[in-house]
Amino acid sequence: MNAFDNAMKQLDRAAALMELDAATLAKLKTPDATHHFELEVKMDDGSLKTFPAYRVQWNRARGPYKGGIRYAPVVDLDEVKALSFWMAIKTAVVGVPLGGGKGGIVVDPKTLSVGELERLTRAFARALAPHVGPDLDIPAPDMNTSGREMGWFLDEYEKTIGRSAPGVVTGKPLALGGSLGRDAATGRGGFDLLDEVLRRIGIDPVEGKARIAVQGFGNVGAWFAKLAEEAGHTIVAVSDSKGGV
Amino acid sequence: MNAFDNAMKQLDRAAALMELDAATLAKLKTPDATHHFELEVKMDDGSLKTFPAYRVQWNRARGPYKGGIRYAPVVDLDEVKALSFWMAIKTAVVGVPLGGGKGGIVVDPKTLSVGELERLTRAFARALAPHVGPDLDIPAPDMNTSGREMGWFLDEYEKTIGRSAPGVVTGKPLALGGSLGRDAATGRGGFDLLDEVLRRIGIDPVEGKARIAVQGFGNVGAWFAKLAEEAGHTIVAVSDSKGGV
Amino acid sequence: MNAFDNAMKQLDRAAALMELDAATLAKLKTPDATHHFELEVKMDDGSLKTFPAYRVQWNRARGPYKGGIRYAPVVDLDEVKALSFWMAIKTAVVGVPLGGGKGGIVVDPKTLSVGELERLTRAFARALAPHVGPDLDIPAPDMNTSGREMGWFLDEYEKTIGRSAPGVVTGKPLALGGSLGRDAATGRGGFDLLDEVLRRIGIDPVEGKARIAVQGFGNVGAWFAKLAEEAGHTIVAVSDSKGGV
Amino acid sequence: MNAFDNAMKQLDRAAALMELDAATLAKLKTPDATHHFELEVKMDDGSLKTFPAYRVQWNRARGPYKGGIRYAPVVDLDEVKALSFWMAIKTAVVGVPLGGGKGGIVVDPKTLSVGELERLTRAFARALAPHVGPDLDIPAPDMNTSGREMGWFLDEYEKTIGRSAPGVVTGKPLALGGSLGRDAATGRGGFDLLDEVLRRIGIDPVEGKARIAVQGFGNVGAWFAKLAEEAGHTIVAVSDSKGGV
Amino acid sequence: MNAFDNAMKQLDRAAALMELDAATLAKLKTPDATHHFELEVKMDDGSLKTFPAYRVQWNRARGPYKGGIRYAPVVDLDEVKALSFWMAIKTAVVGVPLGGGKGGIVVDPKTLSVGELERLTRAFARALAPHVGPDLDIPAPDMNTSGREMGWFLDEYEKTIGRSAPGVVTGKPLALGGSLGRDAATGRGGFDLLDEVLRRIGIDPVEGKARIAVQGFGNVGAWFAKLAEEAGHTIVAVSDSKGGV
Amino acid sequence: MNAFDNAMKQLDRAAALMELDAATLAKLKTPDATHHFELEVKMDDGSLKTFPAYRVQWNRARGPYKGGIRYAPVVDLDEVKALSFWMAIKTAVVGVPLGGGKGGIVVDPKTLSVGELERLTRAFARALAPHVGPDLDIPAPDMNTSGREMGWFLDEYEKTIGRSAPGVVTGKPLALGGSLGRDAATGRGGFDLLDEVLRRIGIDPVEGKARIAVQGFGNVGAWFAKLAEEAGHTIVAVSDSKGGV
């Protein structure tokens, strides 16, 4: 089952439980808008290349759209729609005044030079300028993007609108107003769930320590492992796409 | 062969003839942007329904995007992209300072009441408001839309931006600033080609008169038949989707 | 009967003749908006005085609101509403793409110095700035205002919005883009009706010449008299508020 | 004596005590602006009805205008002007960076369906859109309006301006960013004055407890009674427009 | 005497002749504003270089500022101010609703590649974006700039503001909306003065033909020579900075 | 050595120490923009006078430009550029999200009446309105300007943009949202350095008290003296431009 069908099944189950009216359910099942652009980039060899880019804006009933921008050679639009929907649900569940969105560019970033990546990111920022903003839609780093891309995006956005607006993206470098702790945040989120998981499988999270195998050892898995280790648990194995120990 | 593949083949042939550089050709093969919305409409029975709507903005190197808005139960996005591309080429060929665009709503208008159609059209106008305008993108009537829909669109657009802007659509009612002769324009365009066609098949367009069968007898075919008849030609047969005489 | 009741009676009669639907009639009987301001002016003696000012915007279904700004010690709001309504009807009857409006300041302009009048007019232009514009509402001279006031208004409006917009007022001085012939226009309008009046009372307007008494000899009466005299008619008497000859 | 005359008498007394200069006094006696609209609403039976609506903006020397929107069958403009003036004074006395305003719609809300009330409120939000905002004028619930109306107003305002702006109204539902405790706020305000009242009539507010009759038992009176009871006072009688116990 | 002192002397003489009041004279002697920018350009070798750029906006009492943009290795600000002042006078003398401005970039364009020139021009367009526009300030080609630079400027300006605005510059390529005849315009202006010059020196411009030496043979001189030749005059000599025949 | 040469020398030294790349160093050595205006003011005697005014915007990589506005009969542009550069460095060193700017008017404020000063300040605010704002450039008092001028500036700015924006200036009066302690801030800044100075010259700042001579006894020197005295130090001498004790 693909991600989007899965997400809609979850929504249907929740709607049945809470006896949600049909109109609201229908509204929750459709994005407000999807914007597609073809970004032109002057490549280092002087040629002109276009890259498809998009932004799904799912729902902003509770506040500005919020969600990452990813760079990937193949884009599964259904997955992006699912992620965009889940962002809208997640921000509501934790009670922050934000909605949900998600987007990206169809590109294999490993095949571009840093200069080409910068020009691509800046082209996206200019195309998205009328659609984002601290009160409208707030991108963030996602797969294959990081603080560097957010810094380019922010700089181009501010140049386009002609004033400072650091709130247009999160996950930007600290020097540009980024948040402390953002680097570790997703890994720490997993670690914060560990106690609850232990409790549910019958282990006292204060007394009993766990032996943990970590699957995936990028930013998230590495931070999780580090925090779990510090808390007294034992990391017995780690693995990523290349292998495991 | 679908419409879009056909359009791109035409472009490739033209590009080869004029030895167009690869970058410009690549640029001409991609739309600037495509905007998708899910329009919510309160139906007469009180329920809330959403309708997908989109706008393809192909190219505005020469001026604002220009092209119709159609209402159809099934939307062939490739056809719409082709039509949007052809608009960009057509405006350039005749030398008007306009680009090309096209859009529509996925709806069978025959299943909606007039009130529902009005609310649907107004919802589209509000969603499109930041993307259209006399200097940006200028819709027009197309399949299943007419002056009535343009009047609703114009009124809603002006309410949203808070000032008069009759130039945001063409094909609007005369009382709202529409152009005289617009009703007959497409049929007259066909009629204007008749002389050239006759000449190419060896008939002197001043002396020789033709016997003409008209396939399709809506707004375009009816006006063509009327104008050809007035010019001395003989209409020997007409037909539409229901039958022929 | 006051002017407004009279205007509404006219409207009711016309509505009955054309079998106008109740909703449209109700809409035609109410202004879109009325804006009241209290304008602060620093007087020549250093004191601060406030003057009530208002703008009635009756209807802009056909285009931007259009109508004069008057300065008068007593304002009869019903009269202004009637004039505003009549502007909407007049612009529709002659088929120009404009709506109707009217406004003014409660002030006896004879008691103010030129400097005070200029500061008062500029204060009104700043208060009205978000409500007027070439695409929204276009004032003109009226009772006790002229090209001089329009020049001040235009200059202040352009300073406030930060760009040129000569179309925000009509009746401005020629050097600022005013129209040739505007000075004589209202008198000429009366003169243009003369032939029709003569015809209706059985006089051939080409052959028969009239003996005319002109009541009121300001800008309108004087131009009418001049034009009628030039056309071969005889002005036998003129009068104004001070007396007659 | 009507409310506005009363308010101006209070102002005159205060001005005399503080020897306020004449210009400032004159400025304090006049509103900055009053906006009147005629709101069109499509009624459930398909007919079109217009409702007068207005907004008085008294003074924003200290910050954005602030004050409620009321729905009432008869509007006493003098009372509204007085309330608007008092808002400007109240915000200054408590030292919040806000000015004063007040407004409403002439309608008996009990005669409208919920759908009609929603369409009426949304029409007001669109008409007021250029005149309100977190930095300009911030409405709130008042007589016959509540969080529900503020939610509609906020949603329509955000749709009109095309971005999130929850600060445009206060008194909105908690889920849309409303403030905790707002429901009890006015009643608690009365209760907070109780100690001072007791002290002035010679009762130690810590030791001595009072026997209290509460006149009016809507939102304000009920919360006051509840808080006073909890603080050890005795509610001996309550009454509202229907009767008393 | 430098150009600016010369211009001010001319103004003083004219002011004396027409008995101009001191305040207006003072106003005519000062520009409204001068904007300086330091434009950053990424050079072909990857380095970052900054170029000073400026725009003098002399006077817009009669309409938007109007005047060229020049690229020159040394900028004589007094000369630019003089040219800007003369533009304001020239537009007034011929009665077009425009004011006067002038600007440029301190750069030797011969030392830059086409790509660097394009990036420099686009950087200027973005910096000037809030200061120019069809209703505010309308640049044109000048020394070392031509339709090519205006095309870059226009494209970048339209991208920055997000809509079409071909009126922001004159002298743009025909395909982008430039005016026919613009190429020959300055030379034709000189030719149009020839009759008057002949008349003043006692030659009948219809009968008598002149023998003319043309000093300077760029765009202006070449067009003048061509037009004079066609009118029957004889060009006996031409010269430019390299030599003469 | 003038202030600007000195500042650039400091920058060169720092750049060498940190091995700053040439492009960033070049960028740090040039202001983003300098805006010059000629402000027209109606003088008390009815004459019109123009005053040169300017604003240097050095760098906003880290946030809105920030820096004072000074009124002085002679303006040393090099000094202002130096001060603007130092503001950019200072805000970065203390880690506040602001850039650097500086500006002023060429005027001897002692020769103007209060009314003329107010009109001059308001003219500057209107000219600067598109260039300043809480997200763009935030002026403050400087030489010969104070809370009074900031209040005028703020009021005029808010009138021009049509909404409240107290964040456009700092150093405004407390009643308009100014910060407590701003009056003493610069003197307190000097005092805060005293301990460090004492430590460096070998005095324990807790035990050892100093004997201090204060050169300059305006706002800064007076507050420094007061704070130092209160901290137990002894002020043995003070002096200003008129003399010393």
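By letter and in written order, the chains are A, B, C, D, E and F; residue numbering begins at 1 in each of them.
Assume a residue touches a chain if its C-beta (ideal position, glycine included) is under 8 Å from a C-beta of that chain, and two chains touch if they have at least 3 such contacts.
Bear in mind that the values here come from a model prediction, so they are computed numbers and not experimental data.
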Those chains which touch subunit F and also touch subunit B: A, C, D, E
Copies subunit B and subunit C touch via same or different residues, half shared test: different
Chain at maximum distance from subunit D, centres defined as averaged CA atoms: E
Inter-centroid spacing, subunit E versus subunit A (mean Cα positions, whole Å): 51
Centroid distance [mean C-alpha coordinates] between subunit F and subunit D, Å: 42
Numbers and ranges of subunit D residues touching at least 2 other chains: 130, 162
All touching chain pairs, where touch follows the definition stated at the start: A-B, A-D, A-E, A-F, B-C, B-D, B-E, C-D, C-E, C-F, D-F, E-F
Subunit A to subunit B touching residues, read off their complex: 22-24, 26-27, 30-38, 40, 47-50, 127, 130
Subunit A - residues contacting subunit D, complex: 60, 62-64, 97, 133, 135-136
In the complex, subunit E residues that touch subunit B: 162-166, 175-177
Complex interface listing, subunit F residues touching subunit C: 126, 129-130, 159-160, 162
